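Two complexes come next, and they have one chain in common, chain A, joined by chain B in the first and chain C in the second.
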Partner chain A sequence: MPLKNGHTQPHTSASSWRWALLGLALLIAFLLPWPLSPLWIRIATEVIMWAGLAQSWNIIGGYTGYLSFGHGAFFGVGAYMTGIVMLHLGWPFALGILISGIAAALMAVIIGYPTLRLRGAYFAIATWAFGEMIRQIATILEITGGAFGMQLPAYLNLPFFYYLFLLVTGLTYLTTYLLLERSPFGYKLLAIREHEEAAEMVGVDTVIIKIKAFALSAFFPGVLGGIYAYWVTYIHPDSVLGAQLTDFMVVMAFLGGIGSLWGPFLGAVVVQLVNRVLWLVWGEGTFYLVIIGAAICAVVLFIPSGIIGLLQSRIFLPGTAWKEIRKKVKW
Partner chain B sequence: MLLQSHDLTKSFGGLVAVNQLSLKVEKGTILGIIGPNGSGKTTFFNLITGMLPSDSGKVIFNGQEITKLRPHRIARLGVGRTFQIPAPFSKMTVLENVMVSAFLHTSSMKTAKKKAEEVLKKVDLDEKADFQVLNVTLEDRKRLELARALAIEPILLLLDEVMSGLTPVEVKSAINLIKQMHRQGLTIIVVEHVMDVILSLCDRVAVLDYRRKIAEDTPQKIVNHPEVIRAYLGERYRARG
Partner chain C sequence: MLIDGLLIGGLIIVVGIGFSLCFGVMHIVDFAVGEWVMLGAYTGFILVRYFGHDPMIYLPLVFLIFCALGWAIYPLIYRAVSGKRHNPVLMGLVFTFGLSILAKGGALSVWGYHIQSITTWLSGKSLALGPLTIPALRFSGFLFGILITLLLMLFLYKTRLGITIRATAQDREMANLLGTDVRKVGALVYSLYAGVTGMSGILIGALFSIHAAMGVKYCTLAFFVVVLAGMGYVPGVIIAGLILGLLQSFVGVYIGGRYNLVALFMVMYGVLLITPKGILRRGI
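So, the complex of A and B:
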């Protein structure tokens, strides 16, 4: 994996071991719905959806280094678009999610063109404002059902949605692998993240590359939002355009390790599972946010490269992880 | 004439950084630019490469006006530059850094890798190709700057104080490297404080002071130029000329 931090030499044994692990994980993912109860299928479906969302955010936030705090808007636009296409136009669901993805990507191009010139906090604020704007628009428009939201035709088939989310999330990881880890496009993105002026000096058209990355990172949330709308059948501005959507994408990517292929996946699994288990134990509430907040603080302080960084630096062996932490903290 | 600037001016607020600077660089030559700190040398590079927009004046490269072009377009026309403070892509390996440049001419990973390896060999950095940039020395980072600029296959190369911070031995090998690139047909502009470097490399030298060009001539004549001695060199260099 040439783009990973730390180890640069490809080891044949390590990489074949990785492929075996990936095959095993896919097999488990395919067979998962059989032994699970409907509740746990729902939870597994959520985890997979979030894994896709976190990876989408990672494309612009991790690989390109532009922290988007309006990414939930692409999910919401996707959800509403599928709703509108199915409800008002009567077109099929498959067409709906495709239109959702394209609409989200187009929106990213329009928003990205002026805002991607801003760096750091300014880009974050601009995208956050954009997200809020979309939520307000959805709240007042008639076609979106305003504050009451939209009721889609119900299709109660849990495994169908599980596999569909699995497919789309799988595609986000495949796209990230092929386009960002294994192609000139990915190298140019990293160059932009590491030193934008230097990238321009060697002929990288930073404006176009950044817009492409932003559109790509918006396309998948659009599609996932569309599937989500049909899955839960009822959407309203707070459920698909709330600030928490963006927050969780960011948190998952950071916890798992930004700018890496599998970091967002690990982050999504950990955060969403913890989230749901706490919900099962304590019921509806917001206490889980406190725990997740504490976990984020711990990550930022002790393992800034996320769970994946911990795994890669091989300090995650019994005893050594503890020693690392002891070294970094003056008690 | 490969590069010409006409009355190039740039100011930041009330501070004039470059004032009506006109310079010409003949194809196949090495031009040195010297001058005290703050005399506008680096700003001049930033204006040529499009990193900064100029207030007025023109830059003509290879018969084409490039004054208003965006930086990546200027790079594609064949202007390579190094940064005074090395600006590597830190979380990538040395080889990957150079590959980014190589992608200017190819979209094949294989070709880019081969090209990058060639260039690294040229600057004697091939043994550290797989090192993370964070783990290489300042000298190697300067070589990497050079490799990255060379990998875009430039016609004109702008070197911004590539010698600063290097030991005398390292300076010597860097001079040889630049001479070698020059022999292969590159036109080079060198900004440098080390006078020996300027004397041994350059065909012509331009001296900037207070954002203006105060002299431009051959190195031998420059070191005897009274105003240059007053503004920059000091008496020490007069005898040597």
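So, the complex of A and C:
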């Protein structure tokens, strides 16, 4: 089976073209808040946050091949952790998000230790049940404010949060690139995904590697959750621990293309923009769940390699577009 | 209280058996199991509202409806888990995850967040057994569970088709080589599973309440039962279902119903740590 890794070619002109594109994208991202209205800054901030969340899901779900259906719990734990640190302990925000990330990663180690030793299906079930359990605990405990949630001190500075999310999401992508695309650690993860027994046979310590990957993929949602809590200032169990968080991470990563560096980014941009436009047009509703569910099913059935898989084929060369799409889209 | 737990366990067994069978034969972990229960409950509710009569007489009809639904959906699932995919098991997981979101979203959009319930002629009555009084509805739910379980067991162990299904579960490739149409067996198992689960939805709806987001609860319970029993080991489901019922009513009485999921997860976590193949060490 060929390893799906499009980023290990030598530095050719195509590669430097890619770097130029990345630089341009970063420049646009930095300048974006100026021309936008507050509403659209908010939406851009959300898109960037989701890009980070989808990528962190991708670390365990895409690169390692272990589907975590409770990843929203790490986001919620991060949000509540920052809330508790700031409200009850009175510590600064920066310390809060750091503690959030570490708490989420620790939780991942504790959950991952028994479940990652088993087949993927057990892991999916265990993480899913874990997410539900955390939500229930948050509604019971006194320190989290129960079902009413927590009110954090307000800090109304949209560009600040925009750049902070940009920084953390950027770090998520940088970490993924350095650790998963350019280091032995990444190759070990790919080996586990493609054939776990064989990887173990050639001397990969699969249990430790998987736990490391899971902790890494939990750390970033923890930090992002902490920032989110301070950004929206009011959190409650349904908003930061609801099942929709995990649903969105999964659909974004799958739509964009799992196991690739830029797939989750593309997925996040597409899904969140569509979601917000629908919200602006129709208002609050539950119909978006139908669309998400149908999108997940359709992607699994027809384009398992996601948008990035479509883009990586040569659809931009004249004359080949339709043929390439026909090849990638599996009827 | 002990009896109460055992009675609820009976219904959970039915949901768990289909789920376990589904995993054993096709290696599909169906995330939509709770949504089958929910859709079954709503189907029963709608049938009662428009045609009257007692919900109990609709059990066979709902069974047939959901068999047909399962049969219709199976080709899509088969497509998701076969072919040139990187990881078929995970593709199946994600696909059924998508199905469950779709069903839940559809139900929420159509019926909203209202909580409904089904009343049967048994509701509110109770049986006196010596010193004990048992709610009749719970007892009939338990009887239903035992009956369906027995029928399924008979089917699996005594008929030719059942033996084929077990052979496929044991060694898929060998069964295929010996001339079993594995795809047809899968379709049969999936439609059987959907039918049984949808049917038990009516009783669950009569015993508890019906709302569009109820699936999560039964999905958790089914997962719990199957992990406890060992994935794919059907007879273990019976013991695990009874343990689950006992645990639930025990936690509900002594610790508080709010801690139900926490307790379930702790036990599941412990089982995964100590005997990952289930308490009988027979899972796969």
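Annotations for the structure displayed:
As a working rule, the second predicted complex is superposed on the first by the 303 of 331 C-alpha atoms of A that agree within 3 Å, B and C clash if a C-alpha of one lies under 4 Å from a C-alpha of the other, contacts with A are read in each partner's own complex, and residues count from 1 in each chain.
We adopt the following convention: a contact is a pair of C-beta atoms (placed from the backbone, for glycine too) under 8 Å apart; a residue touches a chain by one contact, two chains touch by 3 or more.
Fair warning: this is a prediction, and the values are worked out from it, not measured in the lab.
Judged by the touch definition given at the top, the superposed model places A:Val300 against chain C, while chain B stays out of reach.
Within the superposed three-chain model, A:Ala243 lies in touch with chain C and out of touch with chain B [touch as defined at top]. Contacts of A:Ala129 after superposition: chain C is touched, whereas chain B is not reached. Contacts of A:Ile292 after superposition: chain C is touched, whereas chain B is not reached. Once the two complexes are overlaid on the shared chain, A:Pro184 sits against chain B while remaining clear of chain C. Between chain B and chain C, the partner in contact with more residues of chain A is C.
In the overlay built on the shared chain, the residue A:Ile137 is in contact with chain C alone; chain B does not reach it. By the touch criterion defined above, A:Glu200 lies against chain B but remains apart from chain C after alignment on the C-alpha atoms of chain A. Residues 193-194, 259 of chain A contact both chain B in one complex and chain C in the other.
Against chain A, the residues of chain B that register as touching in their complex are 49, 51, 70-72, 75-76, 80-81, 83, 87-93, 96-97, 99-101, 103-104, 107, 109, 112, 130, 132, 148-149, 151-152.
Chain A makes touch with chain C in their complex at residues 1, 4, 65, 67, 69, 114-115, 117-122, 124-126, 128-130, 132-133, 136-137, 139-140, 193-194, 243, 247, 250-251, 254, 259, 285-297, 300-301, 304, 330. Of all the residues in chain A, the ones that touch chain B in their complex are 2-3, 5-6, 8-9, 182-184, 187-188, 190-191, 193-195, 197-207, 259. Interface residues of chain C, counted against chain A in their complex, comprise 23, 29, 31, 76, 79-80, 83-87, 89-91, 93-95, 97-106, 108-109, 216, 220, 223-224, 227, 231, 258-262, 264-265, 268-269, 272-273, 276.
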